[in-house]
Amino acid sequence: MTSDPLVIAGRAFNSRLVVGTGKYPSHAVMAEAHRASGADMVTVAVRRVNLTDKSKESLIDFIDRERIFILPNTAGCYTAEDAIRTARLGREVGLSNWVKLEVIGDEQTLFPDNVALLEATRVLVSEGFIVLPYTNDDPVICRKLEEAGAAAVMPLGAPIGSGLGIQNPNNIRIIKDQARVPVIVDAGVGTASDAAIAMELGVDGVLMNTAIALAGDPVAMARAMKLAVEAGRLAYRAGRIPMRPYASASSPLDGRITPVAAAAGGRSGV
Amino acid sequence: MTIRLNGEPFEIAGPVTISALLAELKIDSRIVAVEHNVVVVKRLQYDTTMIGEGDVIEIVRFVGGG
Amino acid sequence: MTSDPLVIAGRAFNSRLVVGTGKYPSHAVMAEAHRASGADMVTVAVRRVNLTDKSKESLIDFIDRERIFILPNTAGCYTAEDAIRTARLGREVGLSNWVKLEVIGDEQTLFPDNVALLEATRVLVSEGFIVLPYTNDDPVICRKLEEAGAAAVMPLGAPIGSGLGIQNPNNIRIIKDQARVPVIVDAGVGTASDAAIAMELGVDGVLMNTAIALAGDPVAMARAMKLAVEAGRLAYRAGRIPMRPYASASSPLDGRITPVAAAAGGRSGV
Amino acid sequence: MTIRLNGEPFEIAGPVTISALLAELKIDSRIVAVEHNVVVVKRLQYDTTMIGEGDVIEIVRFVGGG
Amino acid sequence: MTSDPLVIAGRAFNSRLVVGTGKYPSHAVMAEAHRASGADMVTVAVRRVNLTDKSKESLIDFIDRERIFILPNTAGCYTAEDAIRTARLGREVGLSNWVKLEVIGDEQTLFPDNVALLEATRVLVSEGFIVLPYTNDDPVICRKLEEAGAAAVMPLGAPIGSGLGIQNPNNIRIIKDQARVPVIVDAGVGTASDAAIAMELGVDGVLMNTAIALAGDPVAMARAMKLAVEAGRLAYRAGRIPMRPYASASSPLDGRITPVAAAAGGRSGV
Amino acid sequence: MTSDPLVIAGRAFNSRLVVGTGKYPSHAVMAEAHRASGADMVTVAVRRVNLTDKSKESLIDFIDRERIFILPNTAGCYTAEDAIRTARLGREVGLSNWVKLEVIGDEQTLFPDNVALLEATRVLVSEGFIVLPYTNDDPVICRKLEEAGAAAVMPLGAPIGSGLGIQNPNNIRIIKDQARVPVIVDAGVGTASDAAIAMELGVDGVLMNTAIALAGDPVAMARAMKLAVEAGRLAYRAGRIPMRPYASASSPLDGRITPVAAAAGGRSGV
Amino acid sequence: MTIRLNGEPFEIAGPVTISALLAELKIDSRIVAVEHNVVVVKRLQYDTTMIGEGDVIEIVRFVGGG
Amino acid sequence: MTIRLNGEPFEIAGPVTISALLAELKIDSRIVAVEHNVVVVKRLQYDTTMIGEGDVIEIVRFVGGG
């Protein structure tokens, strides 16, 4: 176990990168990308069994359950009630009481309905769920979710699958400053530097799916994200230099040779 | 009798238990979950939960998601 | 040797991160940071021997010359002639004909004097030097330097030591598009994500000193920079997802359970 | 005689060779470079290069830089 | 009346700039700044009469009520109930049923408590108020407020008084795309270009206080904001040119004189 | 004359906005856009007379020479010599010794060849020209141009016609801080806020062509640019508020009514 | 009797009407609003609304705000 | 004779002055400038500047530009 684990609800994860299982070219590529990402938690969706074609290979067979913890989500739910039903079904399938809680409020942006999300969080917490709600970058709703018993808060960096990167770093930093539970940036990351930027804001982890699954080379991008999350975390802990508008020399000013203009006799070596 | 299974009408000689339904459908019960009239059914209750005419059944599994 | 080396003038380097040797809390910390950075090329300055106190420990003793190639610079020179003299002296000390060529044009910004830089490049190339000129993010001057025989071009991302990050990504990308020699972003990086952003623009390497040497924990930041450069390079090669203003779902839309509102009898599970 | 050494006046009995100057200064010639009147001197020429009255000498080494 | 008025709840305003009445060096400076801003709507707060010192000159005497419509706010309220009480008191003072509705959820950011805001909006709309709620840049809550009967939605650009400018332009644009009531960016503007940027996103107006009241010269800044709002609106309606990474010549390529290099005889005019 | 004129080489201009004459839908639209822009200086190119079709209406007839000063450019020249020849021809046509000096170094970016630009500036200054050189955002080359006798320096904000806006505000600010001649941002503006941003950096003026000429409605955009330049200038002079990450209330904290929670008896008005 | 006026205890001979209270306080009723036990009082009711022992009164006006 | 006019070969009975050339071309001399063998010609010299065989002439005007 790493010396700097991500701890949620008392459970420690080696990796601060959480990845998805959707939209990969194939289950095989997904499995390889999971390995490259170093993630030990992945999200899955809960959907109906296909009754007409049960031959389809099972997703689960391509997840290394020895190493990887499975986090069911409630993606696609537009009401607290459906999200709650989906969370309960996910618990029965996975025999784990963790849930990435989504209650969607808008089809175009897939932004959360925070009122319903708060209601669903309260109900599921009361039923013993470990609730990780996907929300937007609003410090107030994040605090309400925390007070409702959320085990972590997961503000979005940008719309799901948009790849726009962290749209409002100031809000994310404020959320982290105020939170007493882990903060995981969920959605919006497009490339490695976005993940590093998120971690440099001080958050505890980053969750992404599309940026890896739909990259030209998902396995290479998975490794890039692993390194970027580690880099951002290390840089945050190391403490960056301040920004200044002008320069500050890296080489000493003393001990330079006498400029030719000033040199005795001004003899030239050129 | 006719039940509503995963959103579609479904004919089955019944009443039957959930276990019987899963067996009929050749579904491995260990990788799915079942909802009976909007209430999740614990696995231990598959043998004792009876499905009747017009009941609404959802059978789900994990698929790729984010 | 890595499968994706940085090759300059026929010489291959494992790391695309080049670091400096100035401003560290101590030579010992520098040596540890060098190890953590994975760099196999470091820059040094050429300065007068201190005649009154020759006891001072030598910088060279703290550079692992087995693994690390030493690149003398001409920092602090304000004329082509002094830069040329300094380059020649550096060659005699190091017995290598490589030089990071700086001709400074302004004390506040330490921006290059590109006219003098071009002249000095021509002279040193004619004397057999491998010239790596530090310049600004101007595609035209970069091409002139390349035509003058520079082995690589090193545009700045921001003023030396400013930590502002890449101020003009569009220019850096254009420079890389046009260049037929390696492009190394030199100066301006403040934290890990800045290095990743530079590499994601497609450049061949990043050179930095202050961001590591003056970080709260130089060794941790050195490792962060190593990972960030690798992450940015991998992401660039993997091919990132396109940006879109709206969302794109990660979980499938098909197979969701019937919403309660629509469910037969609308019986509630909540 | 008086020469200008690293920007300062310096008294030395001379004329002398660069090798002699370095010896006098107790400087290890392997880690420095020497400029004589704005022209760099190759190491092989240290023994044969004579420094005279008023000459300008620079002796440099590597130090930390960026 | 302008040909492009801001129409809210059937009432037309000449100016798309709404300004505040707080934090000015003096009431006299405020009155002059109001004139310079061209605003015909200003916000005021509702506070207790000072019983010990009733001599204090009245704010109202410094507002040109002939020209300027007064919009009472509920600033400082942390519950729906107190916001509702304050709105009712404001109506009695001003004899107008308009209210800028604020329900604050956090002291540090002054971000809204959107759950309570929604509740207060419903109650006040049912009492016949014209409700202009201050909210954050969340398209989902904006739609809920609209559905609750808000006459306009007023998403924040950045924290009140922060001067950070529009932190999430993408969200503001989405809110405008989805809204069927006017969208007014409320809070966050720091300087003129911020106001222009907001208007270029297509929003209907901008509301600000601190950026003018605490500027070095409030009257000059008020005029700057007037011009910037008009400029941004005009630019939005005019239709800007597309962005491209490379250049596109402004002067014709045809008809240039023959370059000397190619000129007959190559005679030189230099 | 305004109280805050743009003064170049002793000549005062009312407007700090300089516009072009290329790429308009028609000469008539151009003339109207010129009026709307308020500009009293416009740039023109020097090109061969069309010998086969001399019927073509003359550009000059559509420029209000009573009010507008004509500034010939050397667009399209790739050598100092051709730029000098073109400047001399422009002087003969216009009977004015002012020139917007361009020496292009790259076809894709139309970035300047600063080495040749400097040479051409020296020659033309020696011939009595008032030289306004188009250059890039490099403080060092700007100082060299000033020392060579340029009457103003005109750094680019982004590639000509790109509409990307000011790519490197820090460099533009530094150039202004160091310059003793007027600084005019030339090229790169895409919309009104870009012009305001440029002026807020403290520069003396903005020059643009494509952003107006190719806008959906050139006349409306011309007016937008006029207002934006004035807004940015006023805001710069007024002095903006500082940025802060958290909020600062606009309404007083004192004098709020007692919250219901705390109110005697807690009687509710809701 | 004692009432709570703008958050402070306040002694007044009473019971009195709101009109009387405003008069006593020399407050121009046209620029203020009054809340009586957490309920806003319409101006028309100032003459008829009686304030009694322990009542909670808030009297507000407009001040500068954003 | 043949001259090079605005980059193209041009036949004209000559030698002629620049004034004559402009007249022949029906060009209003007040809105153009003329370059003769890479040297700009002042307007005052149009009558006296002779164009000969093979000379290179550029005649330019103002057009729209940025």
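Per-chain numbering from 1; labels A, B, C, D, E, F, G and H assigned in written order.
Rule of thumb we're sticking to: a residue touches a chain if its C-beta (ideal position, glycine included) is under 8 Å from a C-beta of that chain, and two chains touch if they have at least 3 such contacts.
This is a predicted model, so every value here is computed, not measured.
**Student:** Starting at chain B, how many touching-chain steps does it take at least to reach chain E?
**Tutor:** 2
**Student:** F-G versus C-D: which interface comes out with more C-beta contact pairs?
**Tutor:** C-D
**Student:** Just the number, please: Cα centre separation of chain A and chain F in whole Å.
**Tutor:** 43
**Student:** Can you check how far apart chain E and chain G are, centre to centre, with Cα atoms defining each centre and the answer in Å?
**Tutor:** Roughly 35 Å, centre to centre.
**Student:** Quick one: chain B and chain H, Cα centre-to-centre, how many Å?
**Tutor:** 95
**Student:** Scan chain H for residues touching two or more other chains and write them down.
**Tutor:** Residues 7, 35, 38, 40, 58, 60, 63-66 of chain H each touch two or more of the other chains.
**Student:** Two or more other chains touching the same residue: where does that happen in chain F?
**Tutor:** 20, 22-23, 45-48, 73, 75, 85, 88-89, 108-109, 111, 159-161, 164, 170, 174, 209-210, 213, 245-246, 249-252, 255, 257, 260, 268-269
**Student:** Can you name every pair of chains that touch?
**Tutor:** Touching chain pairs, listed by label, are A-B, A-C, A-D, A-E, A-F, B-C, C-D, C-E, C-F, E-F, E-G, E-H, F-G, F-H.
**Student:** Sort out for me which residues of chain E touch chain H in the complex.
**Tutor:** 249-252, 255, 257-258, 260, 263-265, 267-269
**Student:** Using the touch definition up top, name the residues of chain A that touch chain E in the complex.
**Tutor:** Residue list for chain A touching chain E: 105-106, 108-109, 111-115, 118, 136-141, 143-144, 158-159, 164, 167-168, 170-171, 174, 178.
**Student:** With touch defined as at the start, can you tell me which chain F residues reach chain A in the complex?
**Tutor:** Result: residues 170, 173-174, 245-246 of chain F touch chain A.
**Student:** For chain H, which residues are in contact with chain E within the complex?
**Tutor:** 4, 7, 35, 37-40, 54, 56, 58, 60, 63-66
**Student:** Given the complex with chain H, which residues does chain F contribute to the contact?
**Tutor:** 20-24, 30, 43-49, 51, 54, 58-60, 70, 72-73, 75, 85, 88-94, 160-161, 187, 208-210, 213
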